[in-house]
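To keep things simple, chains are lettered A, B, C and D as they appear, and every chain counts its residues starting from 1.
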Amino acid sequence: MAQQRFEDLGIGTKASESRLRLLNRDGTFNVRRKGLPFLKWFSGYHFLISLSWSKFNLLILVAYVAINAAFGGIYLLIGTNGLSGIDGHTLTGRYIESFFFSTQTFTTVGFGKVAPEGMAANIVASFESLSGLLFFALATGLLYGRFSRPIAKIIFSRNAVVAPYQNITAFMFRSANQRTNQLIDVGATVTLSRLEHTESGERTRKFYTLDLERNAVALFYLSWTVVHPITESSPLFGVTKEQLEESDAEFLILLKAFDDSFSQYVHARTSYKSHEVIFGQKFKGIIRAAPDGMTELDLGKIHEFEKEG
Amino acid sequence: MAQQRFEDLGIGTKASESRLRLLNRDGTFNVRRKGLPFLKWFSGYHFLISLSWSKFNLLILVAYVAINAAFGGIYLLIGTNGLSGIDGHTLTGRYIESFFFSTQTFTTVGFGKVAPEGMAANIVASFESLSGLLFFALATGLLYGRFSRPIAKIIFSRNAVVAPYQNITAFMFRSANQRTNQLIDVGATVTLSRLEHTESGERTRKFYTLDLERNAVALFYLSWTVVHPITESSPLFGVTKEQLEESDAEFLILLKAFDDSFSQYVHARTSYKSHEVIFGQKFKGIIRAAPDGMTELDLGKIHEFEKEG
Amino acid sequence: MAQQRFEDLGIGTKASESRLRLLNRDGTFNVRRKGLPFLKWFSGYHFLISLSWSKFNLLILVAYVAINAAFGGIYLLIGTNGLSGIDGHTLTGRYIESFFFSTQTFTTVGFGKVAPEGMAANIVASFESLSGLLFFALATGLLYGRFSRPIAKIIFSRNAVVAPYQNITAFMFRSANQRTNQLIDVGATVTLSRLEHTESGERTRKFYTLDLERNAVALFYLSWTVVHPITESSPLFGVTKEQLEESDAEFLILLKAFDDSFSQYVHARTSYKSHEVIFGQKFKGIIRAAPDGMTELDLGKIHEFEKEG
Amino acid sequence: MAQQRFEDLGIGTKASESRLRLLNRDGTFNVRRKGLPFLKWFSGYHFLISLSWSKFNLLILVAYVAINAAFGGIYLLIGTNGLSGIDGHTLTGRYIESFFFSTQTFTTVGFGKVAPEGMAANIVASFESLSGLLFFALATGLLYGRFSRPIAKIIFSRNAVVAPYQNITAFMFRSANQRTNQLIDVGATVTLSRLEHTESGERTRKFYTLDLERNAVALFYLSWTVVHPITESSPLFGVTKEQLEESDAEFLILLKAFDDSFSQYVHARTSYKSHEVIFGQKFKGIIRAAPDGMTELDLGKIHEFEKEG
């Protein structure tokens, strides 16, 4: 049974020696890659789309200044008498005027107070305005791509609990959509990872996909408490908190939902290590019918639990 | 049986006390969120993509005026003698000229009648044209994103009916594509939500996914009457209109289809409360073969039903 | 059996009286909608994305001229002395200059030979450049959206055949990817639609999803001959060409594939009416190993068939 | 069994005579299409999106120069006295000035040093700036589309191995995500293609989808060794390396995964010919727990294997 449901998540058993969590709370991975040259693994798009906003904006600004500094230098090199309207008497003055002429060309604002007259300046300027259009195609495409990138803001309860459920117990955690947009067609996958003794006596990391009371809900209306009933066929059957910790257990959580605003599927990930699983507690209610008839969801209390019974 | 098909839609039973409908007719949810700080739940993209067109356009206009008012002020502050072509003698006159110069820089129209000359004005202008390009990246991206957003325009019959079907009765509602574009691979999910007495005598809200005669059609060619046959295994078996109302029943409808023009899946939602379910009536025909051989679909009559028999 | 596989495609039986094909050869529908006000069913995006290229380009040009004609009129109305550089002596001359100034503002080219000076002209010009940016956001977004729209170019054999297959016969048609791009994860659905006599003696249109030898192929490498083996459980079992025609049969074909270049699923549709189904013929081979070892696919012969045996 | 799992991948048996591999190592197909007119199979989008970067950039540059050369010619034809600021005395000089004025109009930089004055020049210029906006809509759309195109960078081991696995042997190959972005919901399909003798004694190419130990992993965390256990029901059961080569066997590999950065599914393909399958070797470990607790993946060694046992 359990063997059939074994899944390796693309994780070799060698990784099992690490005591670091497999998945960080924010869904990122705890892994380092090496052995490939930079160009093989680096992706400009991935880098620029996941950069922080402050760094991204800074990068745009720095690139903008650097490119114009370069073009300014070129206009100076080919002679600023190729530009009408330049009246600087010093080299620095002429460079500054070239620089600003470059910005006006690169952004296609083209005031025309300074304008290319000579052949060389005209060639450079016509190439620069082309470059500017292409540069801003990338910069603005990325800007909008970052802004409109479909990212789910799913909040997960800080702890999972093992609590009575019907006549048995169950492993549960709680999740909710932080945003006011509408998520539908929501699915969850829960994978248990733990160290086990193999027949030959070695210790190796095993993975089990846990059966859920339901693994999909049609609407992410309020909160969703994902429930794995600990039946006899569950790998958690009869496991105590001590055994869970001793086996360095980790629960890997994946959520998938269709986002109505983005018209796309979004994913969220998190994990619970054994010490984040609370035994004998249940989650506090966070839903109530408000006096005006509306249903109210108090996300500030999503992490709260209380003594069972 | 019924228990197995139980689905909670991410809705806690506490919400069951509310007598408001779970899903509004237009598919929006009847829920209020609280307990999270603004930045945790607010999403600029979601806000701007779902704003009404008039508010969106107004917002663009207001932002445009405000930004240019600010930049106009900066040019005034650093001295309008940094701008060639300014000839205002009063502060107001110079501010107005600065403001319009700013609009010409921000939109990169750059007539050049007024143009930056001094160092400070040039720095601000080159930064402003950069800002303008980035601002319009967002504004125009959102404009086009709103315009091309894949939204299904599915029309649902105002009422559902419970009518004879083969030798039994069935719960039915009618849907159609309002638009002339082609929807394919259409699927429907119908969930019944109602109050029930638990073993312990409490009243709690239960959810049932209803079995459909067919839950997918290959083409949304004309109209589609979605049919739940009320067999013995149906939670509606033997239920009268009075019992339906007493249990505060609500039928939650989800439709999913692939839109050929958007090349994406689109979703539509609605719900029927018990008082919107008509017993003993059937839908009037709205399809006829026109004299020229074409098939004609009269969507104006989609809501109409008539006495059965 | 057959009853269980019945599917109505969202098509009511009333439509059955029409002798027009349900699906045109190019995949469009043979249906007319009425009864809804224009704004309910019209979608600007759907209209503009599916317009022919020549009409789309003409529309852009006409809108461009019309908008500038209007703005040109406004500049004339508020007085062309608000514009520096206007030197027309006649009203027509000044209108022409206003018109061209408007185009320079609307496209943000802004030569500056004519430039706004007065308050009113400046207000209009700054609003016009904003409008221009928003107009071109839509126009260029649509232009690129049309250009990059994921449309499959699947070629279907002009005829389907009913030919010997293993020890029985089978209904077959042939399809291929016209383009050199790579389609993967290809799936097919074949639905038979025909008139049948109901128990009560009426004639009604029935639909059957036909079982395929295989309904998906991993790669659309060369051509794919989709095969429905006519076993005893097939609704085509024992049906002659005459019976097929008499029942006004039509085979509705849907293909779905993942397009590697668009990174999206694409769909193609077609249909075969009974007179397009050839009995006792098989498709000619169109694949051969070229002398250089390459596999060669001759799409020019995809429609060709030959006497079986 | 095997027959049921037969899949033709859209490949006719005639193609079987070719000894070239079906799928190249980089996932492209070994096929040539003919028989269709150019416009039927050519897709501008597919061509431009899959062109190499250097060719794409060159094409933009060439188109830019060519268009401006043409418009420059038009301005010359209608007379450069329609342009203010032209001061060339020779035809060549005036053409050069027209050319650069054209670039300024086409990119909407519009310095204004040269500006249209006459009716004809104004008409051409207003049409050119419109054309420029539409041209750059395509060029910059394609540029960003190419940059942000969701392409998986999956690395496959150079060889597949047939090695002991539990108590039997298994066909295995290794794959990993080259990039640092996160791939989830990863699925694999392995198809065996080989020549077989039919009952009538002919030699024909057959295809088998191989059963995998697991055909999906939830996270592409580290590397994933895809395993086909050679059980009695496997078409590889009892097959020697010589038999594999003699039957011109090829293993076609398809991988599919959801890319977190692109928010889209990505695909990767490769194939192993019989001579690329090593018997009796197993893959070397490439995962280790680094001293700091991180898991380390050495992709430089993904191709390495060692003597089994």
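In this text, a contact is a pair of C-beta atoms (placed from the backbone, for glycine too) under 8 Å apart; a residue touches a chain by one contact, two chains touch by 3 or more.
Note that the structure is a prediction, hence the values are computed from the model and not measured.
Enquirer: Give me the fewest steps it takes to get from chain A to chain C if each step has to go to a chain it touches.
Expert: 1
Enquirer: Looking only at C-beta pairs that count as contacts, which pair of chains has more of them, B-D or A-D?
Expert: Spelling it out, more C-beta pairs touch across A-D than across the other pair.
Enquirer: To the nearest 5 degrees, please report the angle of the rotation taking chain A's Cα atoms onto chain B.
Expert: In short, 90 degrees.
Enquirer: Same residues or different residues: which describes how chain C and chain D meet, taking over half shared numbers as same?
Expert: different
Enquirer: Quick one: which of B-D, A-C or A-B reuses the B-C interface, over half of the residue-numbered contact pairs in common?
Expert: A-B
Enquirer: Compared with chain B, which chain's mean CA position is the farthest off?
Expert: D
Enquirer: Take the average of all CA coordinates in chain A, do the same for chain D, and state the distance between these two points in whole angstrom.
Expert: Going by mean C-alpha positions, chain A sits 25 Å from chain D.
Enquirer: Could you work out how far the Cα centre of chain B sits from that of chain D, in whole Å?
Expert: 35
Enquirer: Quick check: what residues of chain B touch more than one other chain, meaning two or more?
Expert: Each of 104, 108-112, 136, 141, 262 in chain B touches at least two other chains.
Enquirer: Assign the assembly's chain-to-chain touch graph to one of these shapes: line, ring, star, complete, other.
Expert: Chain contacts: complete, every pair touches.
Enquirer: For the complex, give me every residue of chain A touching chain B.
Expert: 60-61, 64, 68, 96, 100, 103-104, 107-113, 136, 139-141, 143-144, 147-148, 153, 155, 178-182, 184-186, 214, 217-225, 258, 260-263, 285-290, 293-302
Enquirer: Spell out the residues on chain C that touch chain A in their complex, using ranges where they run on.
Expert: It comes out as residues 108, 110-112.
Enquirer: Taking the touch rule as given, give the residues of chain B at its contact with chain A in the complex, in rising order.
Expert: 6-12, 14-15, 17-20, 22-23, 28-36, 40-46, 49-50, 84, 104-105, 108-112, 115-117, 119, 122, 125-126, 129-130, 132-134, 136-138, 141-142, 145, 149-150, 189, 191, 252, 254, 256, 262, 264-267, 269
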